[in-house]
Each structure stands twice: as C-alpha cells, then as structure tokens.
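Next, two complexes with chain A in common: one pairs it with chain B, the other with chain C.
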Partner chain A sequence: MILLAALGRRLVTAVPILFVVSMLLFAALRVLPVDPAAMSMPPNATKDEIEAARREMGLDRPLPEQYVLWLGRAARGDFGRSIHHRRDAGKLVAEALPGTIELAMAAMVVASGLGLGGGLLLFMLRGRRMEPVAETATTLMMSVPEFLWALLFIFVFGVALQAMPFTGRLDPGMKLPGITGFLLLDSVLAGRPDILWSAMVHLLLPAVALGLAFAPPIMRVLRASLIDTYHEDYIRQARLRGISEGRILLRHALKNAILPTLTLMGVQFGFLFGGSLLVEVIYSFPGMGNLMVDAVRNADLPIIQVVGLAYCVVVLVINSLVDGLYLVLNPRLRPR
Partner chain B sequence: MMPRWMRSARVLAGLGLAALMLVCAMAAPWLAPHDPDEQDLLAMLLPAAWQAGGDETHLLGTDGLGRDVLSRLLYGARVAMTVAVTASFGAALAGAITAYVAGYLGGWMDWLIGRAIDVWMSFPPVILSLILMTGLGTGARNVVLAIVLVDWTRFCRVLRAEVIVVTQRDYVTAARLAGFSHLRTVLKEIVPATMPLLVTLLTLEMGIAVVVEAILSFVGLGVKSDQIAWGQMIADGREAVYQAPWNLLAPVLAIFVAVAGFNLLGDGLRRSLDVRTLEGRE
Partner chain C sequence: MSLLVARRLTVATRIGGTIVPVIRGLDIALAPGKVLGLVGESGAGKSMIGRSIAQLLPPGFGVTGGTLEFDGKDLVRMPTNARRSLLGRDIAFIPQEPLSALNPVLTIGDQMAEHFTHLGVRSQPQRLARAVTALEAVHLRDAADLLTRYPHQLSGGMCQRVLIAMAFASRPRLVVADEPTTALDVTVQARIVSLMAELQRRDGTAVLFITHDLRLAGRICDDVAVLYGGAVVEQGPARVVLETPRHPYTRCLQLANPALSGPRRALYALPDQMPGLQALANLHGCHFAPRCPLAGPECRVTPPPLSGNARQVACLHSPLTAGIMSPVTLPRPPTAVAADALLTVRGLAKTYRTGTFFRRRDTHAVVAASFDITPGQFVAVVGESGSGKSTLGRLVMGLERPTAGSILLAGQEVTRSSEAARRHRIRTAQMVFQDPQSALNPRRRVADIVTAALAAAGSDKATRARRAGELLAEMGLAPEIAARTPAQLSGGQRQRVNIARALCILPQLLVADEIVSGLDVSVQAQLLALLQRLRQEHAFAMLFISHDLSVVRHLCDRVLVMYRGQIVEQGATEDVFAYPAHAYTKALLAAA
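And then the complex of A and B:
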C-alpha cells in the first residue's frame, strides 16, 4: 500500500515533466530547416500538392496550435506516420521497444553482477598493496565507453576468433515467434529452445559490452558506502560477538551499504538505456537505437518525436520503480 | 614545496597523456608523415607496417581510399581536443553559473533550475545530444553547443549542493555583514571554495566530451564530413576490419588513451584536492 502510494506520487511528478519534454521536443524539431511536407511527397509533386500536404499536416498553423493538435492525436495513440518507412510511427516504436528493453535488462544484469562483485572485491582490497592497482584499473575501465567495448568484442570474438555471431537478434532464417516481442520470453512461450538459444547467443556480446561500461561506477559507490557502513557501531558490535568477517560483510554491512548503490543503479539504468543506441547500431540489433539513428539520418520527424518521448517515458518509469524499491528495502523511510 | 596534487602519480600520468594528445593535435602538420587527405588508389587498405603486406611509409596502413591512417589519426586529435576543451569549459561555465544562482539565491530561481534539471535528467544524454544535433545540423561548433546544452546539468547538480553547504558557513555571513554585495560574496568567498570541485568536474567532462564527439561523428552527425574525426574513422574502419584492422583499432585506442588521460587526471585531482562530496557520484 505504501509502495503504491509512493509510486503514485512519483508518477504524478513525472506527468508534468513528460509534458514539458514533449513541448521542448516539438519546438526543437520544428526549428529544423527541413520541410516534412515536402519530404513526405514524391519528388515530382507540384508546389500546390506540397502546399495541400502542408495544410493537411497542419504545418501552416502557428506552433502552439500545431502542438495542441499533435497532443490531441497522441492522446488517441496516433503519433503520425513515418516519412521514411511510410508506416504508423507509434507501431514502429512498439515493435522496436521490446528488443531494446531486453538488451538493456540483460546489460543491467551484467552491470549489476560485475558492479556488486567488483565493489566487494575493491572493498576487501582496502588498505592492501593491491588497492591502488585495482583503483587505477577501475579508472581505466571507466575510460572505455560502451561502443568501444562493442567494437573490440566484434573484433576479438567475431572477426579474429569467429566464435560469436554479431549481427541482429537471431540467426538468419529463424522467424520471430512474435507474441510479446520479447524474444527470450516468446521462444519459451512458443516452446522453441533453438530460438531461445540463438537469441541468447546474439544477446551476449552486446549485453556484456553495455554492462562492462556501466559496471565501474557501481563498484565505486558500493565500495565507498561499505567503507562508510563499517564505521558504524553495529559492525563493531557484531565483531565483538565473534561473528566471522565474511558473515559481517555479506549479512550485516551489505544490507545497508547496498541502498546508495541502488539509487545509482537506477540512474545508471537510464544512461544505459540511452547507451544501448550505439551498441544496437554496431550489432545491427533491431531496436529503438537503430530506429532513432535511421530517423535522424532521414530527418524523419514523427519518429524522432515518438522515440524521444519513449526514451523519456522509460527513464521516468525506471526512476519511479527504483524509488519504490528503495522504500521497500529501507524501512526507515516508511511512515510509522 | 610542491603542492599535493603535483605529487600524485595519477595526476602526473593523466597530465602526461593529456599533454601527449594536445601536442599531437597542435603539431599534427609537422608530425604527420603524409597529407591526411592525400589519396593513393594504388595503396588502398594496406595493413600496418609490421603485418604481412604492410608498407614502411604507412606505419598504421591506409584506409579504403589509400589515405595514411597515422596521419589521419593525428589530425583527428585536433577536432577531438578542440571539442573536448571548448565544450567542457562551456558546460562548466553554464553549469557553474546556474549552480551559483540556484545554490546561493535559493527561492524560486532554485526551484526553476531544479525542475529544469529534472527535465534534462529524464533523457538519456546520448539521445538528447542526437536530437539537438538533428536540430542544429552538423559542424564542430554545433557539436560543442550540443555538449554544453546536454552536460551543464552534470556541473549544476553537483556544484549546487556544494554551494548550499558553503553558503551557510560563518565566513560567508561575515562577508555579508561586512557589507559585501551578493555578487562580491559569490565571487570572492563562494567561487574559491568550490573551485577544486569545479576543476575536477571539468577534467572529467573533457573525457566525456571526447566520447560524445566520437559517438556523434560515428553516427554521421558530428563534425562536417570534410573534417577528420576519430568517430568517422571508426565508422569507415569497421568495413575494412578483415584486411586492415588498424583502420579500426587505431582510433579506438586513441579515444581510450585520451579519455583515460582525462579520467586519471580528474581522479587524481579529486583525491588530492579532497573533494569529499564527489566521492561515489557519477
């Protein structure tokens, strides 16, 4: 109940943000020197035809009026048609979104595993001779952004070793089962272990590339907050009671130290969701990133608008969920 | 006696790498063995000199048009470093001014700037910069502008918190009681107190700017296509990875070295200037 109330509060603040974002997006994309009407017509269209298209698309009216029109249509689920693909922009995004979410979630699992494991390791190395070495290693790791990992993995596993596939979500010739769009889920629902395997193999390199890039900040925050927690009296108390160091770390200290790490992981997930764009392009992974880059190259305004909004919605939802989770895990924040 | 930050190994290593990059960028015309735009269609996609089939005059090989990879790499440093330095100073300036206004004055200005940050934070930075570049069009100046417009929040968020803490110190109250104007109090008392944090953030931002410029050029939305950029080299080198792998590996390494230099420097400065508030933040 408390959780639902908190989630509700978060979502209430998210709505005005979404409004402002949609307005800014709309305004930013209307100052472009391209004419969406002319682009949506065949090249041999006459001036009059383009003029008619402009009127039909509402481009001859003042900007605020255009925005209200667009908002009204968007509320009914109509986000306009893609100029390049000549299809419904909302549908294109709905098809691309599951792939990106799948990739981002897999990458987040990798980042959390590496981040928490690495954070514990860094903490256990504190005060030893290896500590500066390990810390420099994390700094260097932070200097490799996700798209460099992606390129290096292709080079090592795809080209040099020829061990892993590095394009798309499935082997060529395999068909998407197409129930929810989430391949891992769909292949299980359809009872197709071969598709599941293929999807997992294709997901591995991009997910690890993304995860590696976002793990180091998690390591550092966990280490720092473990160090803070170890100054607390209850840790000393546990030691005096003769509890083993390993048990103190994992059962006592980690419980509290994980909370700030969790907040960071929420922020990281938002960044990671955006960072997936480059990884998708590099691995020809059909998702929001590829859709966005194509749209940007073709100045496909309706798509840019919806994709921008979709990224924003996902980030706001993630933030709300993390806040909710924080509340569940930290009883001190609950009202008594 | 050397100041503490001069004795940190990280700071020295970072300064060394950053200086190396700056020298490469500034001295590119003298260091480069070839004209970076000179095409040699008889020597296309040569591998590096030490690989089978390599040519001594092209140390890192040639690209798909027979242009020398090493020379292009050196010239690519010019765009990368120009963007890194100007964009990070721009973002620092914009972020610092908003942070001082929000943190020192408080009230409705603080509220407004806080909400603006909320809006900015609801966008993944990569997406926001892509959208801005669509609106602004390609070109080095627009890349700088896009980075400033996206990354001022990185400075504002962290600095604002620090400014609020410093504003409550007694010596700031004393300055006001002594008749300092608001402007003078901020410039003489608060700016110096937050300077170490600002310098650290600035250094880290340079690394971020290098990456963002590479990303934008990689997608084809960065600098103009006649300028040489590492991101563009990576995009081209990807096609030729079997024949001439250094087309891809050289710019990848260059980006890593540049970013690692700025990160080591920033990390070392943070430690030696003892900026507690930054510990554990992105």
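And then the complex of A and C:
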C-alpha cells in the first residue's frame, strides 16, 4: 500500500520531467544544421521537391507549433519515419529496446553479484595480509573500461578458444519467436529451450564485459558502508548477545549496509543503458546502442528523438523501482 | 563463592611502541545476587571492564595480565565458542544507548526471535510466546503488537525495556549494565532503574552496574568500586563509601555534584581533568596526585596500595579526606539593576506540519509560551526530551519562525525575521549549542572560532588576535590553545571554546542548550563555576535549557517547567523545587 503510494508519487513527478526532456530533445535537434527533408529525399531531388517535402513534414512552421504537432503525434505512438531505415521510428526502437534491456539487466545481475560478493570479501579481508592484494585487484578492474573487456573476451573466448559466440543475439538461422521481443522470456513462452540456451550464450560475454566494469564501485561502497555499520551499537549488542559473526554480518550488518549500495546500483543501472553502446557495437548486438550510433551517423532525427525519450523513461522507471525497493528495505522511511 | 572475580586484571593498548595500561591490576569480586557499582568519570576504564567480560575490547586493546573468572572459568583464555555460548545466556548486557542498540531494519519480533533461537528455543510459536512473556515482564503493554514494530517507532525508554527484556529472558546469572539510564529522561530513568531492581531481585541476578552517577550508584548498589585512571581507588559497601568517602577523589566528586535539596552550596571544582592514557602511564606514584588537594611529595613516589578489609582505600592521606571542603561562599547573583525586562515572550507558539496534503498532522512543539527575563537573570527551562524546550530556545534565537506570539528583545520586536531584527538580535543575544564536537568547525583554529563574530563585523586581524587572547584567558584556557583545532582539545576545553565564541561580542542574553550535559562531574563543576564568574563580571542574562534539575537549582534564579510544549509552571527556582504546584513538576522532582 505504502509502496503503491510511493510509486504513484513518483509517477506524478515523472510527467513534467518527461515534458522537459521531450522539449530539450526537440529543440536541440532542430537547432542542428541538418535538414531532415533534404536527408529524406534522393540525392537528385530538385529544390521544389525538397520544399514540398519540407511542407509535408511541417518544417516550414514556427518551432513551438512544430513541437506541439510532434508531441501530438508522439502521444498517439507516431514518432515519424526513420529517414535512414524508411520505417516507423517507434517500431524500430520497440524492436531494439528489449535487447538492450535484457543486456543491461544481465549486466546488472553480473555487476551486483560480483559487486556484493566482492564487497563482502573485501570487507572480510580488512586488516589482513591479503587486503592490499584485493585492493590492487579491484583498482585494476576499475581501470579497465568495458570495451576493453569486450575486446579481450572476443579475443580469448571467441577467437583463441572458440568457445563462445560473439555476434548478435542468436545463432544464425534461428528465428526470433517475437512475442514480447525479450528473447529469454519469449523462448520460454514458446517452449524453445534451444533458443533460450542460444540467447543466454550470446548474452554472456557482453553482459560480463559490462558487469565487470560496473562491479568495482559497488564493491567499494559496500565495503565502506559495512565498515561504518560495524561501528554501530546494535552490532556490538548482537555480539554481546552471543550471536555468531556470520549471522551478524549477513543479517545485521548487510541489511543496513546494502542501503547506500542500492542507491549507487540504481544510478549505475541508468548508466548501463548508455554504457552498453560500445559493447553493443563491438558484439554487433542489435540493441538501442547500435540503433543510436546509426541514427547519429545518418542524422536520423526521428530515431534520435525516440531513443532519447526511451532512455528518459527507462531511467525514470528505474528510479521509481529503486525508491520502492528502498522503502521495502528501510522501515525508517515508511510513515508510522 | 563469588560469581565474577577479577584478580590483578590488566588491560593495555600499545601507543607508539610503548604498552600503556588502561586497567591496572583490578581486583573485584561480585557475589551472586549482588549489585556492584563501578563508578568514575570518563577515561576511568569502567566500560573497559564491562567489555573485558565479553572479550570485545576495541581493536588494539587486550588483556595483558591477571585473570577474569566467571563461575570459576577464565573468561580471557576461554575459547571463543565457549564464551559465545555464555553471552546472552548466562551473561547479559544492557547498553547505554537503547535506540541505537537495536537493529533499525529488523522488527522487535525479529530480534527477539533471534535471541530465543540463540537460547535454543526451536519452534517459532514457542519463540513468540517467550517473547511476549519477556515483554510483559518488563511491563510493556500490547506485547504482540510491539513485536511487529521497528525500533524507530518506539521511545528510548521502550527500547531500553525491550533490551532489558532480552537481557533477563534467559534468567542470566550476571547482567552487565553500562550506563543503562544515561540516555533517558529523568522520569524514565527512575522507572528503568526500579524495573531492573525488580527483575534482579526476582531472578537473584548479579549485576555489574557501570555509572558516572554517584547518587544513582548509592541508591541501587550493594557495593561500589570507585575508579580513577584505570585503577580502583576506593571500594566497599555502597552506603559506607558514599556517605563517608575516604579517598579524596570520591570526596571531591561528591562535592562537585550539585545537590537537589538542602542548602545550596558552592561546588568543589577539581583542577584539570583525568589525564590521557599516555600521561597516566608516565605518572609515578598516585595517579590522582596531580589534582589532589591533599597530595604531598610522598604521594608521587609509588602508587599507594588498596588497603583495608570490607572497605578498601588507596590513599596515604585517607584520614584527612573528610576535611576537604567546598568553598564556603556561594557566588551571589548580581542584583538586578534595571526593572525592565530584557526578553519578553508572549503567547509564543510553534507548530510543525507533517503528514500528507490530505492527512495533515500538526505537532505542537511550543504552545502559548509567555515569560520574561530581566537583565542579568539566569532562567532555566526544564523538561524531558520532546517537551519543546530546545524549540523554545531556537525560537528566541530566531532559528525557527514562530507560528504565533511575540518576542520583544531589549526593547525591540524581533518576532518577524526582518534584516533589522536579525542585526538587533545578533548584537543582543548569542547561543551556545549542546555538542561542541559538532558545533565547532573542525578545520578552523580556536582563535578564529572564538572571534568569528568580530570577523563578520569586519574587525582587523590585530583586534581579533587580542580579543581571542582575552577570551581564552577569561575561560581559564592556556594561550597556546588559540593555535589548536577543536580535535586537539578535550571535551571540557571544547565546551569552553564554544562558550567563548558566544561571548565574543558580549551579548546581553545567552541561550544555552544543555551545555553541561555529557560532561564529567568535575568538568561540569568547573564550567558552572566559570558561568557564575562570567555572570558577575559581565552581568549577562541566560536562558539555560537543561534536563538536570540539580544543575538548574545550583545555577538559575528562575525556572520554567515545560511539558508537551507548554510551560506548566514557572517561578523562582527555590520556590518551584520546594513547593512544586504542577503534577508534572512533582513527578520530575520525585524522579530526580
């Protein structure tokens, strides 16, 4: 109930944010020295033909009016046609989005697993002889960017060992079931374990490459907040009650120390969508990153606009979910 | 046969290559069913003894000699698992800060269930039943409902009851209570103490009661051991030790404590404070000698042994102890010159709005407060936490915007926050905050801190340096303190700097929020003497917010008693304390 109320509050604040972002997107892209009408016409089109196209696209009207028109169409799900792909921009993004969400989620699972596990390990090694070694290892991990991991994995697992596929989302020849666009979900719905397996294998390398890059900050924050938490009176009091160290760590300390870590993970999850771009390009992963790169290269305004909006929506949704989770995990934030 | 016996117990830490003892050769014995009080100021090592029992000493500290036996078994050399199975079952601990001793993200039920699992209760329904019984034993109503609550939803007193319930749930043979009532309100304190006494008698539990409060120790302990610098200086039956102290330290502590009844007397202010660990280690002879009024050269040769039978004292001059007296004359408050009020508060109110737009909840922090302060008058505000006394101080200082009412300060209306009112207020009134640790900027030097007001007024460097020197001298602080940062000062020194800052541009009114709470008795006595001296020299008035009735009685001419945001009683301190009219004032005085 409290959770629903909190999510509702979030939703109310999300609407004006979306408005502002849409305005920014629209204005920024209209200011660019690119003529979408000329771009959409064959190179041998005459001036008059381009003028006609401009009128048809509404480009001759004042900017605010154009914005209202564009917003009105966007509200009905019509984001215009991609100039480059000659297809509906909304549909293109809808096809690409599930892939990226899947990748980002898989990467987040990897990052959280590694980050939380590594954070606990770092914490347990504090003051021991192994601590400097572990510190160096995390610093090394932190200083390798995700695209370097991606290239390294392609070289080791793809080319040298030939153990893993490293392009696309599925083996060549396999057909997308195409129910929701989420391969892991669709393959289960369609009862196709072979597709599920293939999708998972294809997801593994890019997800680990991304996850590895995002794990070290989680480790560090968790370690630091565990150390803070261990100074709290309730930890000492639990010890004085004879509670075992393992139980104190997992039940008493981790439940408190996870809260700052969760905030960081929420922020990171948002970044992952942007961060997946390079990895997607490297693994020819048909997601938002690749779509965006193409769109920018071709000055494909409608696509850039939808991708921008989609990014904004995803970040807002993640924020709301993290806030909700925070409420679940931290009773002090709930009203009495 | 004693239950807990320490023989020559020594706990030490290493500071820069040398081993520095914090507990030196401690000999104590606690018989089953008895209450032993460990009394002393901070740094005396009393908490360290409690932590030695659980072997949960701070990092770098360890037992370096002697034994500590529970029921004939050596707690120090016992394997960790064996000790852990004693903890919570045979030996239980009651902490100082109940609110922070419970895990904030687990319900009371979770934490009690965990405790009963540790005690070996296997089935969930049984654990629940045991938890309810335990909570009922500490007189908490709606026990079943309480189990679903989180610690932040309970008051400090309720949390302490929960912790006492857990401590006594296993009918332990030993309970170690480390300042269990210090963080609680006076009226709650009294109830918690009687609850502990009730459970202790019911189960015949032995209690090690660690406290800085001599009066409290005298009330509930069978025996007391007075500690100074990590060693027992005097021990014996509580009544005997506290009624006729034979060690100068015990005597001086008692004389430093303001009394709640009887004739008002001046406080004995011990010089300085307990030396740090390093300094103590380098001291030859009696550790108290540098501060002791009786000390002679013979005291500085070897530490005097603890001698005697039932009643032991470690002092060469113990027969002379009774001769230590407070200064005879109590500093007289300056007689009021002007009859016009300095501060006139009428119908002052502050309401906080919380809750949502649809379901608003108003919290009335201060309701229709009216009072006057004449120039040079010390007026106390007493009440328990949440009574609105701090809010009242903040309203007077303009740190909160009043919801209703008026404030007239030195003839000028300052209720509304205008620029003119702000300037007038800064010239007339200053505030001293409770916690100097957080009130002083840790990155600035003392000289800059105390003259911040001059800097804001645009004074030049030389003027500021001169004023800083004057202020430190007035506070009884050494001139070299000016160049230090707050971290390099002791608690008492920090509070003096905190007060000096407020006195930089001499205000007519000082608003002081709990400025002597949390300080050791001897340091508190020094500060109270300082305030009285400053008052005679500068004749400023003070609104003194405090929960400590005996301090208020010692220092203030008038008292306002606040209860749930309302001033329920006000008058001359002696009258109010001698003939309290309001039921709450009576309860407050009875509990103190």
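Some observations on this one:
Criterion: the second predicted complex is superposed on the first by the 336 of 336 C-alpha atoms of A that agree within 3 Å, B and C clash if a C-alpha of one lies under 4 Å from a C-alpha of the other, contacts with A are read in each partner's own complex, and residues count from 1 in each chain.
Here is the rule we use: a residue touches a chain if its C-beta (ideal position, glycine included) is under 8 Å from a C-beta of that chain, and two chains touch if they have at least 3 such contacts.
All of these numbers come straight from a predicted model, not from anything done at the bench.
Contact comparison for chain A: of chain B and chain C, B touches the greater number of residues. In the superposed model, A:17 makes contact with chain B only, not with chain C. Shared-chain residue A:237: touches chain C; no touch with chain B.
Once the two complexes are laid over each other on the shared chain, residue contacts for A:316 go to chain B alone; chain C is not touched. In the superposed model, A:156 makes contact with neither chain B nor chain C. Contact with chain C, but none with chain B, is seen for A:330 once the two complexes are overlaid on the shared chain.
Using the contact criterion defined above for the overlaid structures, shared-chain residue A:143 touches chain B, although it does not reach chain C.
When both complexes are overlaid on chain A, the residue A:267 reaches chain B alone and has no touch with chain C. In the superposed model, A:252 lies in contact with chain C only, and not with chain B. By the touch rule above, chain B contacts chain A in their complex via residues 10, 118-119, 121-127, 130-135, 137, 207, 211, 214-215, 218-221, 234, 238, 241-242, 245, 248-249, 252, 255-256, 259-260, 263-264, 267, 279-280, 282. Looking at the complex, you find that chain C touches chain A at residues 54, 56, 84-89, 92-93, 95, 97, 100-107, 114-115, 118, 150, 152-153, 163, 166, 355. Partner chain B is touched in their complex by these residues of chain A: 13-14, 17-18, 20-21, 24-25, 28-29, 31-33, 136, 139-140, 142-145, 147-148, 151-152, 154-155, 159, 217, 220-221, 224-225, 260, 264, 267-268, 270-271, 273-275, 277-278, 281-282, 292-293, 296-297, 299, 304, 307-308, 311-312, 315-316, 319.
Contacts from chain A toward chain C in the complex involve residues 232-234, 236-244, 247, 251-252, 255-256, 329-332, 335-336.
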